[in-house]
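Take this structure first; my questions come after.
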Amino acid sequence: MARRRVRLEELVERGEGTTMIISVIGGHECTDEIARLSFDVGRVIAENGHILACGGLTGVMEHVCRGAKSAGGTTIGILPSTDKKDANPYVDIVIPTGIGLARNMIVVLSADVVVAVGGSFGTLSEIAYALQFHKKVFGLETKWHVSDDVEMLDGASMLGERLKRL
Amino acid sequence: MARRRVRLEELVERGEGTTMIISVIGGHECTDEIARLSFDVGRVIAENGHILACGGLTGVMEHVCRGAKSAGGTTIGILPSTDKKDANPYVDIVIPTGIGLARNMIVVLSADVVVAVGGSFGTLSEIAYALQFHKKVFGLETKWHVSDDVEMLDGASMLGERLKRL
Amino acid sequence: MARRRVRLEELVERGEGTTMIISVIGGHECTDEIARLSFDVGRVIAENGHILACGGLTGVMEHVCRGAKSAGGTTIGILPSTDKKDANPYVDIVIPTGIGLARNMIVVLSADVVVAVGGSFGTLSEIAYALQFHKKVFGLETKWHVSDDVEMLDGASMLGERLKRL
Amino acid sequence: MARRRVRLEELVERGEGTTMIISVIGGHECTDEIARLSFDVGRVIAENGHILACGGLTGVMEHVCRGAKSAGGTTIGILPSTDKKDANPYVDIVIPTGIGLARNMIVVLSADVVVAVGGSFGTLSEIAYALQFHKKVFGLETKWHVSDDVEMLDGASMLGERLKRL
């Protein structure tokens, strides 16, 4: 039977505040610059004691998971497909939805806070759902500043500051 | 047993061209101006021999269905809920998906052509899905001109002209 | 642009009673005997003036659509995939859901009456949903007599009799 | 902002073997006997070092989560609704899918092993999906022995024995 090892030894809370689920959304392909930013975003989320959720695949999704794991964080991957093996190797808990890109809505609903990094039309559908469900949305290096309710941030450390003040 | 009468007597093709499914997307609440525009859009779609699909509820969805029925057209309503009775009275064929706002993706996938009339964040999620799935998208009186691939039109008769030339 | 021709000339009501949507569920592969039964079920549904819905693919789904079209009926295919071209050639109105086998729930919710013909585990999930949503369920040559609420019928003409008395 | 506290301090792996996600399915209402059995099933899953997933609501879902937490386990609740607050208080990680009962498929897809405890038609739909996706299925005190592939067990400790031998 195909199984997936979940590295629970790292799932120890280290902060003092409230643990949130932060969903990071972005493209399955990205530039080197966006990859580095994604890694830093994942690291900052984990360093602040939060759980990372994302779509579980490649690109921004993989780099942000890698960043979170580098800081001992926990990661959730909400896949479009039915197969756990489609998750990138930095996902701890795999949720294979089997509902294709309709899973974009679940990535957003699972979040207390949504962070968009770069991204194309898939990311735009997630931002739209996030705004419709009244989630707090931050944007980094994304062109989808479609509403004043998308708060644009300049870098991962600024995200860290904002997370502390939520 | 709750049943819904489908007025099939009106489902006779009157044009000569290819019948398409045109999905109209827009808010469940709208101004009087958008209501009139929606009605005209529905009428134009039916007059051109096409089938109208939409989210099946109130606002733009109801006015566009009313317009299509006024011209003897056929209407499909793809509901978020599980209950056929939630459809507006101008829907012929009710598809109650039971998957909430994830049905936005199905409204778009059912279409050969997508037409946005006004609309808020729900409409934006549908435009995003439409662009991701490479559907032709027209926009009327909508602020969501998020890509050059959304072709903005000035009124329902201009939509009629464009439909003839697809 | 890929389009699908909907043969609306055949969508004229011929009966006097109420038009219902009847969803037929069954496997994508079937024996010759089940194929013949499926064809007859589709024919009977159309002859009684009802609209046929199904999962839109091969096997029971294709044979039942073929039967309905042979009697001038209307057919709806609710696909798991995102692509209209995956529908069998006897589907008039294609709803590509893109949500995989979660579309089984929508096949059931779209129905006023559900008819199971043969079928394996996918059909069982649909029967389960149908019973949960309090739909009337008929079974023909199916092993899934999982509840007294599944009314077993002996052949397509018996289904025709029962539909007249609903 | 509504947040949910995740008690990560308890998420430390204690076993030596492979951690699996075990999805327990059952009704949102249950008898006292099924409640006790559900509690024991949850406890056994946690004692064996596995993660529990379920539908996140009341009845079997709540009792099994309570059992898992009593043994320091980790719990995932995959909700039909859009609201994290609908989860029972013993759920650590809440996935609000917003897709209604179509989430039954996701409960099953998230699992390495599925365990049915009692249950009605909703549980039957989940067993059907589990068999269709070739998941290992155990049944306890359930009437849904619909296939030889549902392995019936006599009590929670027998489940514990079987989990060790997978």
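Order as written gives the chain letters A, B, C and D; numbering starts at 1 within each chain.
In this text, contacts are C-beta pairs under 8 Å (C-beta built on N, C-alpha and C of every residue); 3 or more make two chains touch, one makes a residue touch a chain.
None of the values given here were measured: they were computed from a predicted structure.
A count of C-beta contacts for the chain pairs A-D and C-D puts A-D on top. In this structure chain B contacts its sequence twin chain C using mostly the same residue numbers, the overlap exceeding half.
Centres computed as Cα averages put chain B at a distance of 41 Å from chain D.
Work out the mean CA point of chain A and of chain D, and you get 25 Å between them. Averaged C-alpha coordinates put the centre of chain C at 33 Å from the centre of chain D. Among the residues of chain A, those in touch with two or more other chains are 82, 98-102, 105. Chain C makes touch with chain B in their complex at residues 1-6, 8-9, 11-13, 18-21, 51, 74, 76, 78, 82, 93-99, 102, 105-106, 109-110, 112-113, 133, 136, 166. Across the interface of their complex, chain C is touched by residues 99-102, 105-106, 120-122, 124-125, 127-129, 131-132, 144, 146-147 of chain D. Against chain A, in their complex, chain C makes its touches with residues 82, 98-102.
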